[in-house]
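Structures given as structure tokens follow.
Shared chain: chain A. Partners: chain B in the first complex, chain C in the second.
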Partner chain A sequence: MKYSAVLVFALVATLAACSGAPAQRPAAQAAKTVTIAISSDEGTLTPFTNESGYPGDNLVKLIFDTLLVQKGESVAPSLATAVETTDNKVFRLPLRTGVTWQDGRPFTAADVVFSVEFYRENLSGDSAIDVRPIRTVKADGDAVTMTLAAPDPEFPLRILSDMAMLPKHLWESVTKVNEAGTDKAIGTGPFRLTAYDKERGYTLTANPGYFGGKPKVDTVKVNVIPQETTQFAALRTGEVSLSVRNVPPQQRASLQSQPNIGIAEGTEFASTMLQFNTTRPPFDRAEVRRALAKAVDVRDLVKTALLGQGTPGNPGFVHPESPVGGPALPPLFDVEAAKRELDALGAKPGPGGVRTLDGKPMSYELLVQSTSTDRLRSAELIRDMLKNVGVEIKVTSLDPDSLDTKVWPDYDVKKGRNYDLTMWGWSAPVMQTSSQIVSLFDSDPEDGNLNIGGFADAGVDKAIDELKATTTPEKRAEAAAALQQKIAEQLPFLTLYYRNGAYAYRKDAYAGWTWQNGLGVLHSGSFVG
Partner chain B sequence: MRALGRQGRTGLALLAVITAAAVYGLLLPDSAGTARIGEPYAPPGPGLPLGADDLGRSLLDQLLVGAATSLGLGFLVALVVTALAAVIGGAAAIGPRWLSSLIMRSIDVMLILPELILFILAAAFLGQSFGIRVAILVVLMWPVPARVLRAGMLTAWSRGHLEVARAMGAPRWWLLLRHGSYLIGPLLIPVFVRAAMRAILYDATLSFLGLGDPTAPSWGTTLYWVQVNGVFLSEAWVWWALPPGLAITLSVLALALIGTAVEERLNPALKEVPA
Partner chain C sequence: MRRILEYGAVVVIALLLNFLLPRALPGGPMKLFGSPEALSRLTEAERAQIAQQYGFGRPLPEQFADYLTGVFTLDLGTSLSDGRPVAEAIGEALPWTLLLVGTSIVITCVLGVALGVLGALRRRRGGGAGLLGTAIVLDSLPAFWLGMLLIVVFGVQLNVLPTYGAGTLAHLVLPVTTLVVTGLGYFFLYTRSSMLTVLTSEPVQHAHARGVPYGRLVRRHALRPALLPVHTIVLMEIGFLAGGSIVIETVFAYPGLGRLTFGAISARDYPLMQGAFLVLTLMVVAMNAIADATYPLLDPRARQ
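And now, the complex of A and B:
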């Protein structure tokens, strides 16, 4: 009888515990296991075999270290303890001593020299680096000296903080880099790859001897969950501790209202733009592009399509907080000016309120990726905004592959293009340094390999040449600002907005995520220090 | 009308209401459902009987314009499918033996293919414009009705009076026109109704999955944005998700009621025996 009373009490207590609202548990600053949901397999996690830049490269960098790391808008020591240069052409890098590879062998200057030479010979893979600007690399004791072909003040940020160091004793036998197995995934980083299953994902185990200190998490499990909705559902149940998907603005409130779910947010440098095909009339005329751009209210796009979760676009392309910096140019939006300028171009309103320019109605097709909800909504809003000034837009939604075929066939701008207007976006690395930005505008397709609008302007080309000739960070920043000013006048595309990053995590599992602009939360800084 | 029974009359009445809404939707100005007339996510209120979507556009207007798209597509597909099925089924029934077996074997092949999955694949590759969606649905949907109509044709062809007429030397076209059409014609109604029903459902499915045109108002498109905006997690589902869902259900129900009633009328053997 007594026993059954105890049983009944236990049962009632359990039921009471179940029926109560889920308790808010304290945020965890260290954890035994953290589970991260990614969307697809990332290969064997070596610098040559990951499939995507994000999150693949971020995971690789948990295993492999770079000589420097990006910190804020500048660089901080990592495997190299300092950067010594006087002319931005010869860089001497003293190396940290006492560092060992995850298999116990010591890390030396010979590994650095080997890595540079190895990347030079194997220019493939998503995380592989174009080291051609480095003319020579020499080891002297515990330091290495790199000499560039031309001075480049952005070299530390662009290459040294991105080039993963490879262990010479393991990689010198590798001939096919894209087939490198998990046995080659050995770096000096805070985590070791201890298990990999193509279907299920990865297990990363803390490297206790890490030079930056013992990681605060013992095991990082990385699970492949393809569907976004499934990832967020797993987060709600606590099955995963972090989803690498950017939370859509519309779903943010409902996720945030869950107990124990936190959202890490910050600035991201991925851009969204309205791209003109500048090889097709009338978009070959800067006056026309400018007039159309003035009709588009980028603030309204951020407010409506992103629910405020973004930054309105800078007409000079670069996010005001990006390492390239430069002036935050004023927004162009001015409907009356747009109308005046179209009138001045001789575009008179015709039947149905649609203007006629050079004998042709101003009626154009705007392509948009059917899988991107914020771009779809923005395209619809732009259609309405341009209608206000007498320009008719027909929105055509296409799957991303079909759209790429029209806009950027074979990802080679030399192969031409077939569109009027398209919604487009570039990922964060495109605005990491000014040397990358020029590839959007250079009229020479070799240097302008991202110039998908076929834009060509002598003034802009001249500004690019001046930028490339600069040798100091100050001069380069000045040249970059001048280039942005030119771009805001020429408008090969109209930069619409930069989406904020918002990543949902379980506070009760691990709350040590730290935001790094350009990287998000998935980087070694979230686990050490 | 009376001949259709209570079920059929209910179906017809429902369809009439929905068709009237669709016609009204067609008559609305072009900006209906795409003009921003309210605050984003506005609940129902004056001027916005069903509230507004995430861009502040009237959901009632979208429902009405969507009715025109959905019903228009359904009826167009049904019309083409019925015509195609009649020609192919007819050819299989009274054509030469080799043609008949060729058609029947191809129908068998078509029948084992999973329709919805094929439809999704085809739409993903060929595009999402109205014309292409109609064409894909027609290509996928003709085999079943063609089989039904072939069977109907064969039955008709072996009826006594046709045999007699044939023995008297009547040509095929005369047999078909003068005698066959009476027997075959009514069969086309359920075929049409069923095809319309499935077309509406498939097209809504496609739009819901985001494979339709997400910028053109239709019932499926509204449901797609419902899902994108996580509407089911808020109270907005009542005015945002429920109306298009109900509209699809009621249209399909109306067509199903009419289809069943017509079939029972044509073939009294299908009628339930009163208890």
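And now, the complex of A and C:
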């Protein structure tokens, strides 16, 4: 299969290079129909039945609105016209009046109260929101008041701009959320789901009465095309207008050379890291992790594996442009320092140049997901980099489910782990707020639900407690910066890079795509306003 | 009677495997109920409640009993990924696959057999060697690679055929061509080999010695016995291709049973996997049974 993929790529590249350039047509700022290619079915497009965060949640949010929307690093009004708070604990949200659900019923404060309580009762679902921080929610005429268990200055961005509102009159009868049908895909959003075929895709029709204005596109067709190569071929022929696949660095130049194809690009907050199993020696020692991290040149990984289309990782994890903020710490790469630190740890060169530490050869297995080209390439480069300092790495490629079973069995960190090192990545939402970032490091598995390395450090736990106790955005940003500094010292994992987002679209079909950091181009802002 | 019992045993073993294999795969259907990040927030009790509610958390014997009851009452259960009855999902996908596979098999069979006979008759001439070489090359072509090649040439470069989807005759051309081209070599080689065996057999040699004209010798004495094994191969291929078209259906985003099965496996949708595997199993068994039943009709020797 790998051989075939190489042949196909070579073929596509050759034929593309040989072909004559088609005539360039003007870029379209409005369109009757836009066809979007997605890779797999996304269920019935309700907040409980979409299959993936991206693009599933993005499609759901074209149908369902949230109280606020993310705009840049902050939030802007949506179904709520403002956020009123004095202590970041009690939030009063005046609601937009005159808004109707797509079936004509009015949107009211009772729907907001119902939505919060419904999410509280139903935690499963890709777009389901964890509303447990909300202690109470009350309707107050055309406004609602939410009281949190503890102050949280990131509450508007983390929850209010992510929680899709549900129509009470349709959802109060739902008992099995996973079986909610298309008749429940009724929101207040710019598009209405008008057709769904599991194997072929969706038709979304513009909601002419949308409170944000009439969408610039009448119909959005969403077609399921599993193969990346077929998606890009259909884009070249004009059969689709946008592919939701991030353009691989190797194919970018070829696509960009087509006159009618544009590339929308920007920052994405998805991260790739070298994860240590900190419960297994010698990775339970911060000084070993630091020494190994200094042997890895993250700039070279970006240059070689991503062909420059990414940002080198911040040892403190957070992307420099993330709303979390904080100073980006410099890369740690220093081969000589790595060798000196390994020497100081007593790791002496043994047979074959492989060091021996505590009587055991420094030879470890690095797991990597077989479906990710850039991670496979990066793993091979890391193997070579660590060989330079006398550490042997055996790269093992696994299918995603087998990898998850070893690294994060049942997605429950309490169930342990069975690996030395693994290539890993977190999706963009993990980087959106500091409240989510702490779940990567907290030693309490209830709060550290993403701490897949089993990391535990009293200093980091203290920094997390201090961060959680902050009540203002300024104080929280300071605490987040302090936490990043601690992480860069302790290195439960080494953040390698953040791959840039690049999405190919037909300029002659529709060119109104607008980039939102962390969301890409598939969001309501690309169709409205 | 003995043959019926044998087929029954095969079906029972297949049912057991269809039930056990999905559950032996790493991971499970839990990922259908949220992103890993969302699932990681669930407590053990909340996970157990979901597993219980949707059936995959119950004891295995209980699940197996339900599955067997469902099979015999024609209730294949409900898909975990979208709540749709499994029978409905399969019922929608199967006709597309039968259209694709049926068309491909007919064309492949006619072309493969004709060329195979020609290849055997001209085995000592340049044309025969050329056919043999071409067939070996075609037989070794990866379907995935050829599919992508056809998309690039006829979809992107010439822009004369759609690159993906289904619904019109034009949508069928590229996937059918891929299946025909990659399947042709097999039929050709099998027919050629069978024909050569018959042509060198004693009865045919005797007929030749008796002065039977060559054309008649081929038509009356060689062709019929040579095609007997091909008849079996055709029926077997129909059974296998229903599942084997997964790659083609994925490459061309074709909405058939292969893609449905692939999606079910990826999602660990146990009921849908069981249903799809059951249909594939029954197709293979049914085609074998038809081959067994029809062979004696074609070959009087087998009736004894």
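Assume the second predicted complex is superposed on the first by the 508 of 529 C-alpha atoms of A that agree within 3 Å, B and C clash if a C-alpha of one lies under 4 Å from a C-alpha of the other, contacts with A are read in each partner's own complex, and residues count from 1 in each chain.
We adopt the following convention: a residue touches a chain if its C-beta (ideal position, glycine included) is under 8 Å from a C-beta of that chain, and two chains touch if they have at least 3 such contacts.
Everything numeric here is computed off the predicted structure, so don't read it as measured data.
In this overlay on chain A, chain B fits alongside chain C without clashing.
In the superposed pair of complexes, A:Glu239 makes contact with chain C only, with no contact to chain B.
With both structures placed on the common chain, the touch criterion links A:Leu381 to chain B but leaves chain C unconnected.
By the touch criterion defined above, A:Ser402 lies against chain B and chain C together after alignment on the C-alpha atoms of chain A. Once the two structures are superposed, chain B and chain C can be ranked by residues of chain A touched, with C on top.
In the superposition on chain A, A:Thr373 makes contact with chain B only, not with chain C. Residue contacts after overlaying the shared chain place A:Pro248 against chain B, while chain C stays out of touching range.
In the overlay built on the shared chain, the residue A:Leu123 is in contact with chain C alone; chain B does not reach it. Within the superposed three-chain model, A:Leu450 lies in touch with chain C and out of touch with chain B [touch as defined at top]. Closest approach of chain B to chain C, taken over C-alpha atoms in the A-based superposition, is 5 Å. The contact surfaces that chain B and chain C form on chain A in the two complexes overlap at residues 399, 402. The touching residues of chain A, counted against chain C in their complex, run 1, 4, 7-8, 11-12, 15-16, 19, 40-41, 43-44, 49, 51-53, 123-126, 128, 130, 176, 178-181, 197-200, 223-227, 229-230, 233-234, 236-237, 239, 399, 401-402, 404-405, 408, 410-413, 426-427, 429-430, 449-450.
Only residues 25-28, 30-42, 44, 46-47, 50, 53-54, 78, 80-84, 89, 92-93, 142, 144-145, 148-149, 151-153, 155-157, 159, 162-166, 250-253, 255-256, 259-260, 262-263, 266-268 of chain C touch chain A when the two sit together in their complex.
Of all the residues in chain B, the ones that touch chain A in their complex are 34-36, 40, 54-56, 124, 127-128, 210-211, 213-215, 228-230, 233-234.
Residues of chain A touching chain B in their complex: 248, 250-251, 254, 304-305, 368, 370-371, 373, 376-377, 379-381, 384, 395, 397-399, 402.
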